[in-house]
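Structures are listed in the sections that come next.
Two complexes come next, and they have one chain in common, chain A, joined by chain B in the first and chain C in the second.
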Partner chain A sequence: MSNYVLQKEEFSAFFSQVSENYDFIAPIKGKETSFEKVTNDDMLNLIEWDELPLFPIKHFFQPKDEPIFKYDKTTAKDVNSKPRKTVLFGLRLCDLNAIHHRDMALMNEDFTDPFYKERRENSILIGLHCKKGDEYCFCGDMDLHDFFDLMLYEHDECFIIETKTDKGLKFAKKITALDRTDKAIHANDRITENNTRIDKEKMNKIADFFTSEKWEEGSKLCLSCTACNMLCPSCYCFEFTDEPELVLLHKGQRMRNISSCQLKCFTRVAGDFVFRKEKNDRFKHRIYHQLQYFKEKHGVTLCVGCGRCIRGCPKRIDWVDILNKM
Partner chain B sequence: MKPKVGVFGASGCAGCMLSIPFLEDEILDIIGQVNLLSFSLIKGRNINDEFDLVFFEGVICHNDDLEVLRKVREKTKILVAFGSCACTGGIPATRNFVDESKFNHLRHKKMDFIADREPMPIDHYVDVEYHLPGCPPSQPEIVRFLKQVLLGKDFRPFDKPVCYECKLNRNRCLLEDGKICFGTLTQGGCDAICPNGGYECWGCRGPAQDVNIEEVYTLFKDKGIPEEQVRNRVTTFMGMRMKEHDKTLKLLRQDQTKKQETKQEAK
Partner chain C sequence: MAKDNIYVPTPAKIIDYVIESGDTFSIKLDVKMEHDPGQFVMCSIPGIGESAISICSFSRDYLELNIREVGNVTNAISRLKKDDSLLIRGPYGHGYPMDDFKDNSIVIIGGGSGVAPLKGIIEYVDTRRSDFKYIDIFIGYRTPEDILFKKQLKSWKTNHKVHLSVDKNPNKTKFDGKVGFVTELLKQSDFDNKGRIAVICGPPIMIKFVVGILKDKGFNEDQIFVSAERMMQCGVGFCGHCMINGKYCCKDGPVFRYDEIKDLPEK
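Right after this comes the complex of A and B.
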């Protein structure tokens, strides 16, 4: 597919053209970098170009609590949710692959999450090539795929933009700030430095280590704060609650909330029985879901190697290090 | 039949009670749904009726409090410990972790009829059906609780820590700035209201279900914060609920009883 070029000085024009028809979400610097909606030109100066944002784009696809349906005694009614067309800008390859993995889980042959599907169909994924990893990430070990609509590679004066999908190409054609170019993406452009850290051999053999006592080293430090789950771009587990109305109690809506496997409440079932009582079991469950269980089902690891679970952990529990030492 | 509801308070600042009339959007609907028999901030105080639901605020720290509590308990189907003081002893219970000599001079010496006793959460004395913690309790949670009770359902307390909501609100972790934040220790449900505003969590909602207090102490130690400072802050709201603090409490009590004994002997 053809490549495009965006001059850096035209970025503001690019933004104003995009924001005519789309919401524009980009990594915005603040006390902590996170993906926020860009509403004016001034916010463009706050875009984080270099470092991986601590907060992933997850909240766009999986809000804190979202209504699934409305009920009235015995009848249920769909919730009208028409997501606006959105451009998700500045996603790194790890974030993009996390969306790819989320697609596998939530939009497959057996099951399609209509809310997720609608959001995905109305969003355009614009990647930003990551030049250098940080001390926690290890995406180079995780066999990531080129999964994006458009991908920006930064050069001195401009961005060379690679298009990957028809959706991305259609979008690029509409935006006049983007010009077609014959320049190809060089192998040099695709390099990401300092992004390997995990012992791949051990990662592939992780099933053998399930009974290892070494996991205790990590789990005994765990504070059960759920930061690892909340910061993970690919964790997608959820739970449901009912929210009745106050005056007409038989009416209400069912809400979907994000859940966390690091807590006892995650496995609490009828009779107040908890089947993953030990902290060590919960600690292992997250890692095994990421590296083994998902792979058994979908052929790839759920983990994308962004390292946020370690970077955002108050105790910096480095499970990669623990695994490497197995 | 509308449920008969009462709101009572023992020793406290009445701030938790106030958070009910401050539910400005919902208060009229709530009043319409229940038969409010007693609420000293809105109408008269009426302790002799029978109640389906009672919100009980405050800490038990003298004999009159205990009398009211026991009387209310006898006539109530669902008793709710309402607010930090009723749930965990709150700030008044900090006294239990301080040597008597440090606060003795503050007592009302000329008013012996104020027979004070060790401040205790209400479930130390009577059985309590539900806890709605917080200083003051979270207003959305009050409404959520009321809905469940009106539906005749069991109310499930929020079972995740403050960090869960704080992270979902995309706040910068205050621990990274070296602040003494107890988000990891504390039961959530408050939408991380303090960290949202940049203030550290003091743990007013009591301990979360999966607390790892030892590692929290080492976490602060590694950051160079004196352990005593952290311990003192834990006792502000959660001392009476931390098993780990029981030892301190016991030692202090032994110490005090010894002192009293020696005083009496001297007399």
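Right after this comes the complex of A and C.
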């Protein structure tokens, strides 16, 4: 597909053209960097171009809490949802692959999550090539592939933009701040430094280590705070709760809330039986879902190697290090 | 364009309500739903929540659910009466592969509430009796007071070989069965694995012992089918709560062929 070029000095024009028809979401620096809606030109100065944002993009596809239907006594009615057209800008390859994995999980031949599908259909994914990982990154070990509508590669005064999908190409054609270019993306442009650290051989044999006591090195420090799940761009588990209206108790809405396998209540059934009672079992479950279970079903690991679960862990539990030492 | 929201349940009217035991009741719903024995539906009481309940009947005209009052949702359902409605969605999961069982004899082993989904198999067999050979039913309960489906038990005894046991009989209640574990009855019976399928539903400890006995009798692991129980929220393999070492109990199960799950550490 064709390549485009965006001059850095044209970025403001690019933003204003895009925001005529789309919500523009980008990594914005704050106390911690997170993906926010850019509402004015001034915010463009806050875009994080270099480092991986601590918070992932997943909340735009699967909010922390959202109503899934309204009820009234014994009837249930779908909620009206009109997702806005959204450009998700500045996604790293890890974030993009996490979206790809979420597509596999939540839109399959048997069932499709209606809310996720709507948001995905209304979104354009614009990647930003990541030049260098930090001490927690291991995306280079995870067989990520090019999954995006458009991808920006920085060149001195401009970005060369690779188009991957018809959706991306159609979008690029409409934005006049983007010009067609004959410049190619070279192998050098695609390099990300410092992004390997997991022992791949151990990772592929993780099933053999299920009963290893070494996992306890991590789980004994774990606070079950769920930060790893919340920061993971791939984790997609959720739960339902009913939220009655405060006055008319028979009316209300069923909410979908983000959930965490690190909590005891995650597997609790009526009668108070808990299937994963021990912290070590819950600690392992997340890692095994990421590296083994998802791969058995979908052929790829759920984990994309962004390292957020370690970077954001209050105890800095480095499960990659534990696995490497197996 | 309206989206196809798979999470929205539809109202179902209760057309019959039977108290089975001290904490268990059956409701018949005015719902026509194609399903296999062993599948389940998600039942909602708005404001309380949603629970997975296995279908215990096999009929194209109605749906019967057997429910034990153990949690918030099941307690709320127990307070409903005939002609009230609740919300359901489904059916979900993989039930028993009845087509594969054709021309075989079936050994049915159930404990307590686990008898409910097995009742669906019995009713399925009764609608096409000539497709199957012998049906042996082994069911165990804690006490005679806990015996479920007393009404149906009579016809089961007429049409099939029923072995009933209770763990203990503290009130010396009269009942047509033996005192002791159902596993003992199974051990004493003389059948082998030739042309036979075994289906088990009950507490995990019972499943463990029953599988051992069946293996002693020569059953291969692919002749044994077990039903698993986990926390279920979405019913469609998304929410993650019911995962057993990567298998979604709601979507890949709840019925598993034993050799498919025997090596899972969390089974």
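Assume the second predicted complex is superposed on the first by the 326 of 326 C-alpha atoms of A that agree within 3 Å, B and C clash if a C-alpha of one lies under 4 Å from a C-alpha of the other, contacts with A are read in each partner's own complex, and residues count from 1 in each chain.
The rule is simple: a residue touches a chain if its C-beta (ideal position, glycine included) is under 8 Å from a C-beta of that chain, and two chains touch if they have at least 3 such contacts.
All figures in this text were calculated on a predicted structure; none of them were measured in a lab.
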{"item": "Combined model on chain A: chain C and chain B, fit or clash", "value": "fit"}
{"item": "Touched partner set for A:Y293, first chain B, second chain C, both or neither", "value": "second"}
{"item": "Touched partner set for A:K279, first chain B, second chain C, both or neither", "value": "first"}
{"item": "First, second, both or neither for A:K73, with chain B first and chain C second", "value": "second"}
{"item": "Vertex chain A angle, Cα centres of chain C and chain B, expressed to the nearest 10 degrees", "value": "70"}
{"item": "Superposition-derived comparison: chain B or chain C, residues of chain A touched", "value": "C"}
{"item": "Touched partner set for A:L106, first chain B, second chain C, both or neither", "value": "second"}
{"item": "Contacts of A:V269 with chain B and chain C, given as first, second, both or neither", "value": "second"}
{"item": "Touching partner for A:L221 - first (chain B), second (chain C), both, neither", "value": "first"}
{"item": "Distance in angstrom between the closest Cα atoms of chain C and chain B, superposition on A", "value": "6"}
{"item": "Common interface residues of chain A - those touching chain B in one complex and chain C in the other", "value": "244, 249, 268"}
{"item": "Of all residues in chain B, those that touch chain A in their complex", "value": "26, 29-30, 32-33, 143-144, 146-147, 150-151, 159-161, 163-164, 167-168, 170-173, 175, 183-185, 208-212, 215-216, 219"}
{"item": "Chain A - residues contacting chain B, complex", "value": "30-32, 34, 55, 59, 64, 220-227, 230-231, 243-244, 246-247, 249, 258, 260, 262-265, 268, 279, 312, 314-315"}
{"item": "Complex interface listing, chain A residues touching chain C", "value": "68-69, 71-78, 81, 105-106, 108, 110-115, 117-118, 210-211, 236-242, 244, 249-250, 252, 254, 256, 259, 261, 266-271, 275-276, 281, 285, 288-289, 292-294, 296-297"}
{"item": "Touching residues on chain C, where the partner in the complex is chain A", "value": "2-11, 44, 46-51, 70-74, 84-87, 229-231, 233-234, 236-241, 243, 245-246, 251, 265-266"}
